[in-house]
Amino acid sequence: MRSAEEMTLNMLMKRECYRQTGTCTGGLCVGWNAQNVMWAVTDDLDKEFGTDYHERLKKWILHSQQNSLVVAGALSDAKGDRSKSPSKQVNPDSNVHLVEKREGGIVVRGAKVMICGAAAANEIFIMSGSDYREEDKDFAIAFVVPRDINGLTLVECRHPSDERELADGFDSPVETGITQAYLLFDDVFVPNERVFLAGEYKYSGNIICYFTANYRSCIGACVTEQGDVMIGAGVNMARVNGLSAKTFKDKYVHMAVLNETTFGMGVGAITMGWQHPVGVWFANDLMAHVNKVHVATLPYEVKRTLQDISGGIVETGCFPSCEDFNNETYGQYVQDCIKAGSCSADSRARAARFAEWLTIGAGVPGCMHGGGSLDGVKLVIRGATPMEEYAVMARKLAGIEEEILEPQG
Amino acid sequence: MRSAEEMTLNMLMKRECYRQTGTCTGGLCVGWNAQNVMWAVTDDLDKEFGTDYHERLKKWILHSQQNSLVVAGALSDAKGDRSKSPSKQVNPDSNVHLVEKREGGIVVRGAKVMICGAAAANEIFIMSGSDYREEDKDFAIAFVVPRDINGLTLVECRHPSDERELADGFDSPVETGITQAYLLFDDVFVPNERVFLAGEYKYSGNIICYFTANYRSCIGACVTEQGDVMIGAGVNMARVNGLSAKTFKDKYVHMAVLNETTFGMGVGAITMGWQHPVGVWFANDLMAHVNKVHVATLPYEVKRTLQDISGGIVETGCFPSCEDFNNETYGQYVQDCIKAGSCSADSRARAARFAEWLTIGAGVPGCMHGGGSLDGVKLVIRGATPMEEYAVMARKLAGIEEEILEPQG
Amino acid sequence: MRSAEEMTLNMLMKRECYRQTGTCTGGLCVGWNAQNVMWAVTDDLDKEFGTDYHERLKKWILHSQQNSLVVAGALSDAKGDRSKSPSKQVNPDSNVHLVEKREGGIVVRGAKVMICGAAAANEIFIMSGSDYREEDKDFAIAFVVPRDINGLTLVECRHPSDERELADGFDSPVETGITQAYLLFDDVFVPNERVFLAGEYKYSGNIICYFTANYRSCIGACVTEQGDVMIGAGVNMARVNGLSAKTFKDKYVHMAVLNETTFGMGVGAITMGWQHPVGVWFANDLMAHVNKVHVATLPYEVKRTLQDISGGIVETGCFPSCEDFNNETYGQYVQDCIKAGSCSADSRARAARFAEWLTIGAGVPGCMHGGGSLDGVKLVIRGATPMEEYAVMARKLAGIEEEILEPQG
Amino acid sequence: MRSAEEMTLNMLMKRECYRQTGTCTGGLCVGWNAQNVMWAVTDDLDKEFGTDYHERLKKWILHSQQNSLVVAGALSDAKGDRSKSPSKQVNPDSNVHLVEKREGGIVVRGAKVMICGAAAANEIFIMSGSDYREEDKDFAIAFVVPRDINGLTLVECRHPSDERELADGFDSPVETGITQAYLLFDDVFVPNERVFLAGEYKYSGNIICYFTANYRSCIGACVTEQGDVMIGAGVNMARVNGLSAKTFKDKYVHMAVLNETTFGMGVGAITMGWQHPVGVWFANDLMAHVNKVHVATLPYEVKRTLQDISGGIVETGCFPSCEDFNNETYGQYVQDCIKAGSCSADSRARAARFAEWLTIGAGVPGCMHGGGSLDGVKLVIRGATPMEEYAVMARKLAGIEEEILEPQG
């Protein structure tokens, strides 16, 4: 991604992707972002340390493109006790780390958690998850491995209403699904040509900084499209309930405003971004993080509005199973109860389960903490807002000549 | 319930009940309210029509008290096409109705839907669900039946993450559960001593009016306690995550403000209520419905805040199953990943699943449409707000002497 | 005020009072509350210290009632440096304090600020403004003085758009006004029979505690009525703009919900209150403070909604003066521009200035900090919310047996 | 403005402009936008009607640039009865219109209202304010006049706290001010070279459409900077109150999130825009209008937060005048009361008046209706949101094969 135009196009593609599949493949976005971020960081590293990480990465990317490999990215470590750094943890495997440097490669251990898309990927791109100092230098690593490599266990996670995906008929409203896992590395050997950072901790902060700027500006694209689908689900629900669109027009507009915000703000952050000397484009840090605040909060309101429009059939969790709907004895009575307008009972049932899936089922995206927690995001905003400059500016406008300092003690 | 004091005590008991069980037994509240409402409406009816409904009800209530019967109430009909009245429906069974009056009783048919607590009750108290006119007089009925009566089928419903309740260990975090059903009446005979309304449609509107005032003022009690449990769940999550309460203090206060609002507003509505000549106390209509607006909306924010505090382990839906947690081969590795502070991995897992259950699992209450939909509630508020009086008052204060009328056309 | 009923009636009277006058006489409410609070605190004091403050207060109240005296109350001190207690201030007069005890009375100095209604009162009731310790005992005082007493200077304050009150015609839309002042005590002598606390600091905390519970539960009454007037102003604006009420129906309901909340929650807090042994009724502390949060925040949304309904004529601050409206040369042209529907240009002008006055003029109440600042209010809520109890309750429901403690360090 | 880059730069300049002056010169933005819009519309017109409007405009723009003329724009007509079109008004001058076409020019009459910056401009650029049909063709006009032209009367408006601008010392906190006027045209002759539309109504809708897209995307720039100044004012208030920034850190972040949203969303709307064949760039319509929703609502929350931080000295409207502050007798006492931390009383007074000016004084921008009313904006959003397409997409994902139509009747 060498320009704002390319990144904006990428946002449009993400929007289209969710539209086609109903699935947000967060982990694949992480994988794609990882390559852009490390493209720049390896350049930072090579220039200072004379390493050849950038060339290794280039070769691997070419290989990956030529073979159309699906790549998931993994950033979040299990972390353990949040008040201690990785090297101080009782369990050293709370964070993925370098165990040993051998002739042709490195050996790694530790856990990456909440990794989306891993089971569906050919390869997994691992990056260190924080800004490390000297004492934690073994945790400053980046590498890529095939998903099925020896010593790597993927523990697939449970999410809300996951067993519904195994159900029959309308109880399982969407064909696609999501995959999320804990990745447990147990002395995995990674050959050198797949290693892009191995202990040079100095630029580990840049990994986070570059990654979050781009990931948090683009993340709005999926969220917007999920919201658009929710508008559509609302339109359908109103109709199968036998109610006119007019009744809900303000609610649709309300949803559209919220949806477009995460897209527009993301594009804004990208447009106000900057180009790294090696050619990669990174979004404006402050604006990308403001976008993440919206991504973490606005979808709740969109979902609430869809539940408001849809009625009790979606929101109270009180709707018969597909099995009862088709029961030989009383199924017809159930179907007669469900029919509300000119549509079939089946359409109303499907529309209702789909709205449930979107708002309180397996289709709910984890927008609050996915891509980083809200409180962490706010810390970045605090750091990136020039409050002192604003205070001086306000003082000037107000005609205050005295310097006004922060109180002591 | 003969006074504001008794009703306020009832709110405190509902709060305590949720605290002990983690279950909101909405249907039983409906059952209890049904008896109070019909206590007044049968009095209205007997005075005008010379019927003996009040005496029948009294006898049945005494019987029910003496035998400690658990009574669920049922109000919502399946309705069918919302733009047509019951007698105009293609499917006459979209609403429960009188089929035939026999010597010793009546025969009824039709469906009541989204009825909470029915499967756990001994008896079910049915009331007509709207304000009917002459043409729909067969739909103006009220009666009580044993749950297991011949001709009545209960179709238990599916709710989000319901299969989780069947899971082992922490995947099923709470022992109690909820029961919600469709009630299908197929020519059920109800003896006269259990019939409290059978065609005298004139006061069918009062049933709704009295019922909603009391139900919607008291409903805040459960909602408040659910919110208090969510504060508690947040405190626990912060601790098992190894984080200090101080970090989240503003969030706890935010939750407390939202929680107390539905309780305080409910008590306010009750206090500003009125006593029916027969002795029952009814809450202030406007204030009860304002309370329902808060009940329908504030819990979303409480849940969002709990997810904010809890972190990705609760909100992203990315947390291993209890089975994997206990797996012989990699279970220990998973447990080591989950341990974050001084608490055991098991406690963190339980606390996380519980917070998930509360915010996006089987424990989420249907506050938006349970007890009536938000848009219907707002119609009542619109009707109960004396806007013309406010306009005159504003005109007087503003010194406008001309009469200001609604524009024509 | 000896019961919840009396206090609720008082709320209804406050609502009526604003309706009649368009003025919120906060200071007089403080004066009335001061008498109730000191009725209880003097009883606390006399029982422990053998003083006769209660009897003195009783006599003065009888005198005040017999002579129909208007009494303003004053609580807030100028305070000075918030990080230091009163006795540590560079300027000892930052807080009102005892200078000297003489034979027949006491001498006081210091400033009370932001005191509403003082200029319109016959007498001013002063209470100490915080919970003091031994070293600050001279600041623990309560007494009443005539407004015109020697040594007391009232410095009347400026508020937004205050000069508009002196304007002609519709530029000054409301006849009544507000008075707010700084009270500067410069060695004022107060005879003993008007002194109700003079150094016995032990119960100074009760003054604040009792006062805030009652003041912050009742304060919603004025705020509600201000909001009702805003609904009325909105109805009028829609009509003078030539628009149908139907367009804005959701907005009126939105305003009504917000308005009724501060009233209903206040009544709820009162109902859940308690009776002091001496007979005074005090509201529930937690709920009163939750109500103050709403009082501090909801009116902003009500005003925003009124501006939304009213249009640019009210909100952009772009509307000709009454003088230009009546100008001989171009006044008629201006009037022709202003006429929008069937009402006169004059009515539209008055309605617009009135809505401006309510939302961004001299009629805007200081709900955020009047009656105490929001952050202080939240501290009380934090203290009054039993978070540990909630945590235990959540643990029990979640089946967690381990004790979960606050992290160390 | 021929590209997204140029428009984004323009947003940065607007931000800087408010920063330097504390004034939002909305009318000059209108003037600047008018030239861009008519650049495209005259091209539309000339191509269809063979007119030479584009060439006239080009000449006038060159003249205006060469002479560094300050140009205000005027769009909003007085309108009169909103339910009738201009030609049906009782008062034909409710909208500016063509009276007569003469040899060398046209004669115009009618009122433009709420025009910002007119008194400070050299020239005023008038555009028709709606999408007109044949019967209203005389209202489809665009032209430019010197402010002091014969027959044009500017009636300067009153805005909240406007007399404060004439006050001494800190009571008048900011040196710059705003000018807003009603423009009354009384048979004004405009020579042909200054006329850019005179009756060709067909593209009058484009004027509105192009104008709103660009104006409503860029408007966020001033609003953002006003918000930044409010953060600065808050930082200063906390300090002069003697309180640490730490206490308010979450509030500053909250303000920053709101501020950056209107900027980022505006840049996003521009980036997703399109280029008119004649070369002008126009913003994305849907996103520009979503931005206007934020511009119309978020600043209320920013102001509320500043009042929250600032304390009663700013929000209650209870703060002495500069005159009393400097009074010979009691002025020193007043100053001693006002001093709260290590800053001078004068600095605290200035900081407080400035925060008052920003939140409830003459410095409050009319964001709700300035640049168009919120309800009108939402209509555009409704039209621009492809709801049917979303419904089909949701149906496809939900596996519904039946067509689901809007209910009849």
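The first chain written gets the first letter, and so on, giving A, B, C and D; residue counts start at 1 in each chain.
Basically, a residue touches a chain if its C-beta (ideal position, glycine included) is under 8 Å from a C-beta of that chain, and two chains touch if they have at least 3 such contacts.
Just so it is clear, the structure is predicted and the values come from calculations on it, not from any experiment.
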Problem - Relative to chain D, chain with the most remote C-alpha centre - result: B
Exercise for the section: Answer with same or different: of all residue numbers used at the interface between chain C and chain D, are over half used by both copies? Expected result: same
Exercise for the section: Please compute the C-alpha centroid of chain A, do the same for chain B, then give the distance between them in whole Å. Expected result: 36
Exercise for the section: Going through chain D residue by residue, note those that touch at least 2 other chains and give them in order. Expected result: 83, 242-243, 250, 341, 407
Problem - chain D residues touching chain C - in the complex, by the definition given at the top - result: 76, 78-83, 91, 93-94, 111, 113-116, 153, 155-164, 171, 178, 180-182, 184, 186, 241-243, 247, 296-297, 300, 304, 307-308, 311-313, 315-321, 324, 330, 333-334, 336-341, 356, 360-362, 364, 366, 368-370, 373-375
Completion exercise
As the complex stands, chain D meets chain B at residues 83, 250, 407, 409
Problem - Footprint of chain D on chain A - complex, ascending - result: 4, 8, 19, 22, 170, 173-175, 228-233, 235-236, 239-240, 242-245, 249-250, 252-253, 256-257, 260-261, 263-272, 286-287, 290-291, 293-294, 341-344, 346-347, 350-351, 353-354, 378, 381-382, 385, 387-395, 397-400, 402, 404-408
